[in-house]
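I've put the structures underneath this note.
Heads up, the next two complexes both have chain A, just with different partners, chain B and then chain C.
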Partner chain A sequence: MTTLREITHDDVLALAIGAGVLGTGGGGNTYLGRLRLERELNIQGHPCPVISADDVPDDALVCAVGTMGAPTVGVEKIMAGHEVALAVRALEKHLRQDMFAIVIGEIGGSNAIGPIVSALQLGLPVVDGDPMGRAFPELQMDTFMIYGVSPIPMALADSHENVVIFEHIQSALQAEAYARSLTIEMGGSAALVMPVMTGRDMKAAIIRDTLSLAIDIGKTVLHARETHIDPAQAIAEHTGGAVLFRGKIVDVERRTVKGFARGNMTLVGFGDGDDVMEIDFQNENLIARHNGEVVCTVPDLITIVDSEDGEPIGTESLRYGLRVAVLAMPAPDELKTPQALAVVGPSAFGYDDVIFKPLIATHS
Partner chain B sequence: MTTLREITHDDVLALAIGAGVLGTGGGGNTYLGRLRLERELNIQGHPCPVISADDVPDDALVCAVGTMGAPTVGVEKIMAGHEVALAVRALEKHLRQDMFAIVIGEIGGSNAIGPIVSALQLGLPVVDGDPMGRAFPELQMDTFMIYGVSPIPMALADSHENVVIFEHIQSALQAEAYARSLTIEMGGSAALVMPVMTGRDMKAAIIRDTLSLAIDIGKTVLHARETHIDPAQAIAEHTGGAVLFRGKIVDVERRTVKGFARGNMTLVGFGDGDDVMEIDFQNENLIARHNGEVVCTVPDLITIVDSEDGEPIGTESLRYGLRVAVLAMPAPDELKTPQALAVVGPSAFGYDDVIFKPLIATHS
Partner chain C sequence: MRIGIDVGGTNTDAVLMDGTTVVSSTKTPTTPNVTDGITTALRGVIDESGIDVSAIDGVMIGTTHFTNAVVERKHLTETACIRLGLPATVCLPPMVDWPDELRDVIGGHYYLAHGGHEFDGREISAFDENEIRGIAQQIADKGIKAVAISSVFSPVNTVFEEQAAAIVQDVIPDASLTLSSSIGRIGLLERENAAIMNACLRELAIRTIEGFKSALETMNIDAPFYMSQNDGTLMNADFAKEYPVLTFASGPTNSMRGAAFLSGLKDAIVVDVGGTTTDIGVLQHGFPRVAALAVDIGGVRTNFRMPDTYSIGLGGGSIISTDPLQVGPQSVGYELTTKGRIFGGDVLTTTDIIVASGKEDIADQSKVADVAADLIAGVEDAIEEMVNIAVDRMKTSATPVPVIVVGGGSILIQRDVAGSSEMVKPDHYPVANAIGAAIAQVGGECDRIFSLAEMNRDEALEQAKAEASEKAVAAGADASSVEIVEVEEVPLAYLPGNATRIMVKAVGNLKEG
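Up next, the complex of A and B:
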């Protein structure tokens, strides 16, 4: 097993910035995650090893981990810190097999950082990859579920050390409903371990190298800041994306629909007040329209960054007057198959009249 | 292992009547349970063996089973039929140990019958006893919880074959809250397996011989009907209880408070219109007052039966004009310790000003 790279103190800030960029406005605030990871690196006294997906043997067991619940709750009801590790150990005992490595459940936002803390606690390496390549709001919106990995057994744990194992659940949608209900009873946020899978199944569905991508995006931003080059343009070049728009936020509208923060924002160009971009979001940014014409849609990534320092801006932090750049980045190929688009394309978010036209990468 | 007795077709009606008497107005309607047990006896082609609690070895594993959820839902949303068996098998696999026997979670009402269906499906004997000796509304109100048996691991299963294992839960009250929440998401009723315990722990806390008692009470009623003797008096003599009152229901008041059917009824004597009994209930009958004076309280049993045929009447079936007898029966000793009264005495139901004065058995 080759260790690809290690996560050290030097990577933490870069990972937080890069996970924010890949979070496309969602995935949760990274600030608490950064503090937790820095503390855990101090406690353990060594970095977290990162391995390639292809270094996991076919018959070894791995599990994806993350948190379930509203990010707004997650910031106020801080986790005890070892919930994920407890749930992983309970599943190991249930299945009578040890885990070989930890998989990040979602590379966007705070969910990219928590799994590394858990891997350090468990003494396990973390796999370089995830099943979203970005952030999405629901359990079934990941490549493990899309490409047929079983959601069970899965486990939820809360800050009182309560651990619940879902031993048999008929569908990913039912898993989502039962886990959501129990999460609410657990106080609004809970640690989630799902799915447990063999190395073979993981390798068939994971989006590779997204942890490295997040760190590299963050380092690109930090380097741009130091050398006074344009951070948004640097991110676009690194990711094969493009800067769609530069301007000022002049309007933000939010409403809560079925438990999601749906809304939209309007931006006007720095040079030309008639040049307008509108972006719809549902936790994550979904659809960008430039002077009325759709120019980028989910699953491609739409991220708002501060125009000066390239800091990614979550949908919860949008406000009048922010001067920003709008980035568009091509989604991983795994999210653009017909099978995937049925689950994560515009129609899955209620945009039945919007056709997904994939961005063409400016380089690869 | 000695088989005490067997449950055959001849026992089903008697068990249903006796479980209704011990249900003290709650525990759920026994009609569907009777049909299910008769069908299962036909399918299996043999009776269900009943063993004494003392025939279970100390280190063998047993589990109490039942259903969770509102009885009103249970009647309309009929179980698929093998939910309990699925949950038991899942716990056996989780613990890597087979069950030795099934324990009835509650001897009152329909919950007395379902576990025998499950035992037949699992090919296991059922233990003669239960942890309530009657019906109670909540999980923590049983002698296993009162005398310190751990509630975990426990399992819930629904009619879609979904099985959830509670691997670690901090308290019986938290188990009640989490299981209640998941039961609601499961559609309002679910199979419950809780607790799993050793023969040693079971024998230290179970109330013995209550399955035999239920069948014998039912047979007493059936015999009274055939021989035209008074069924209420026959039950009182068999159980060491007393007929508190005979009269007509003249008023029933029900209101739903915190998910329970709270209410009270007023009866007037057949001979004397000034002779009044009032009974408060919360799913089960709790407090009986005769001309204003408290004459019987929970945990002692207060059961309303039809004055003619001795058929027990659930709180959901109370109505103006019914001609009834009110039975009082002494609770098992296990429910009358200070430890138990804190959980199942009048104050546990909000009657802080009512002191429990145990009935004296008329014979034993």
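Up next, the complex of A and C:
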């Protein structure tokens, strides 16, 4: 992997594709994010600097940022654009210390791109890394929370420049609940800054180089398209993953449970109708079974891509007849400790009978 | 009696129908001046049938003329867009995702103002009359007459767009206005894009529709005429002058509706084989299934309800290349009758192969007597595979469904499609699109977010259905014939109060007289 020093116009499309692949079916649409980043790069007239986690001094402050709320609202009430920057500035004032850099709150899906726009506005570098390495549906499913970084102080902001700072909150779960109800009051989507932390705490818990990884995956897909090689295989080789299955979606079943889109899909192999893969999802893809046997589970990454152009397919777009490849990619080590598996393993999604067996990287 | 006309890029087709019977039909080349082609087509069906023009009750026209204007960046008017939503939405201003040359053609003028609503109906900020008046004055000073107005969550509450429109009309009395809420659905950029495209097409729409009117007058037809819309329903000519974008997908819609009518099937796959491409669509309850994703028109994203079609490069004019064997996507298109081998040309096309196989007898079969049997078999296999895969892509389940084949290139489909329960090639299949226009109904839609905390689900559904039915009647439907054809509920994840988006479509027969 080449060391990423900055984000330029040439990286935007690749980042959107790569964030989609790491989104494992969830994380939202990257279209508006792409437009925003392209526009902000034009306005600022320079690329966004990227630093590695280890470039951040121990005592410096950094914060993870993102957007919270319903994607359906986000496509209609587009944000003013500077909400995250406002919340970051308010926290700096509150803490009487400036931020050193911005951390991406979630590298999977639409939340990968907004933080780069905010970093450009704030004139800060963005750290190459994030606390998920993929997409997850809830705030506490985050290595900062898992490894004991305090969620407070945290801040939410809306388009009216209202900023709310939480100075004390009992747990990451409560932070999720409070932030969720405040988001509604703020019009259904809001900027979120959480957590603020020292360089030391960030370095102890962050998953490194995931921004580079997303862009590399995107470039791999774009290169595969240009040279007419198989994009799914190219992604698998790049990520140390594997193409678990190639086939056609023959059934998709959905239900909404507690505000989450849960469901499962069935695929049959090209040429062999008896070769079957089933995948369960809750916003993101969770468990893949090949002919009845579990072959990949969360937190390892399961992503469906179009078999021809490698475009990642979100769970909301699944339908009968799509011809796809199923990719499995190993989760970062930070998500595979017993401590992490309690929060992001199969049991955290209600699969008490499924044991997480990590994918083994197919190359080094 | 009704006349249906489909003005395509290549051909203008017309049919004369008496009730459900096709009396006469014709195919003529589309002319650069659309009016002439229509006059020729009208003359064709009227002369062939020998009817008196006073027997014609209505003329229904489907056209891709406005779509082509956007694609070719021609005949578009300079337009201004006013968006209400400040302080939100600043980061992505109007036309931000348009191709530069299209934005330049219409001037790229936009203004952001206060207003807009939240998802639950609260105001984002108060409406500011002076602000809008100031913007209207600036637009007037530039001499711009075409204005599109969008407001955040206007599909939920239209009042700000209407208030802004009244002020602009007051400042610029001859302005032609398009409100985003009257055209599109949730999804600000896509709905606003549609409104701006509509605004920049209105001058062309007025000219074109006046041209259609004069074609009817030339033929002494004084029956009302209608334009067909994306969803297979009709709008009257005056409404079409206001909403030209609503014709964007009328071509594929009409051919699918025509296929449903001719076959008597309401749930089926339609394979429409043209000269260059084959479009595959799905009929549900007699109407085309609508695409779930954003649709690009001339490089601009919109969220119109367009038929979900899948196109492959296979048509009656597709060129066969050998070594390796390849069918299409290059095509001789409308030049088939001069360039195809059986017509004396020197290009081997799919039509030549079907004639060489002896399955159809068109033009001069002897000119393809030298085509090798294994080449014929290879091409037939390739066509079968292309169609099988494309049809399979569009199916919603593995259950076999009927397949209806229409369009001028239908002879290519000689074998049963895999996964079909029956194959139907109805009478008059080459002019299915004009028939689709002739039989169209009128419709109305409701698409809003309801809070199920405030009313129960049944009440919300009833309210949505009543709204859709009222809109259908307002559009010209006979109230007694209106029925609900589509209901879709989308619970919104992460929102409280059981916010649910409900979309309802109602259609009815056109009120006579």
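Everything below uses one rule, namely that the second predicted complex is superposed on the first by the 360 of 364 C-alpha atoms of A that agree within 3 Å, B and C clash if a C-alpha of one lies under 4 Å from a C-alpha of the other, contacts with A are read in each partner's own complex, and residues count from 1 in each chain.
Everything below uses one rule, namely that a contact is a pair of C-beta atoms (placed from the backbone, for glycine too) under 8 Å apart; a residue touches a chain by one contact, two chains touch by 3 or more.
Treat the numbers as computed from the prediction; the structure is a model and nothing was measured.
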First (chain B), second (chain C), both or neither touched by A:163: first
First (chain B), second (chain C), both or neither touched by A:90: first
First, second, both or neither for A:81, with chain B first and chain C second: second
Which of chain B and chain C A:174 touches, first, second, both or neither: first
Which of chain B and chain C A:226 touches, first, second, both or neither: neither
Chain B versus chain C as contact partner of A:293, first or second or both or neither: neither
Touched partner set for A:184, first chain B, second chain C, both or neither: both
Chain B versus chain C as contact partner of A:274, first or second or both or neither: neither
Broader residue contact with chain A after superposition on the shared chain, chain B or chain C: C
First (chain B), second (chain C), both or neither touched by A:352: neither
Where chain A meets both chain C and chain B, residue numbers: 160-161, 181, 184
For the chain C and chain A complex, residues of the former touching the latter: 85, 87-92, 96-97, 116, 118-120, 122, 124-125, 152-153, 186-189, 292-293, 392-398, 490-496, 501
Chain B to chain A touching residues, read off their complex: 86, 90, 94, 96, 155, 160-170, 174, 177-178, 181-182, 184-186
Chain C-touching residues of chain A, taken from the complex the two chains share: 32, 35-36, 39-40, 69-73, 75-82, 117, 159-161, 180-181, 183-184, 187-188, 248, 250-251, 256, 259-261, 283, 317, 319-323
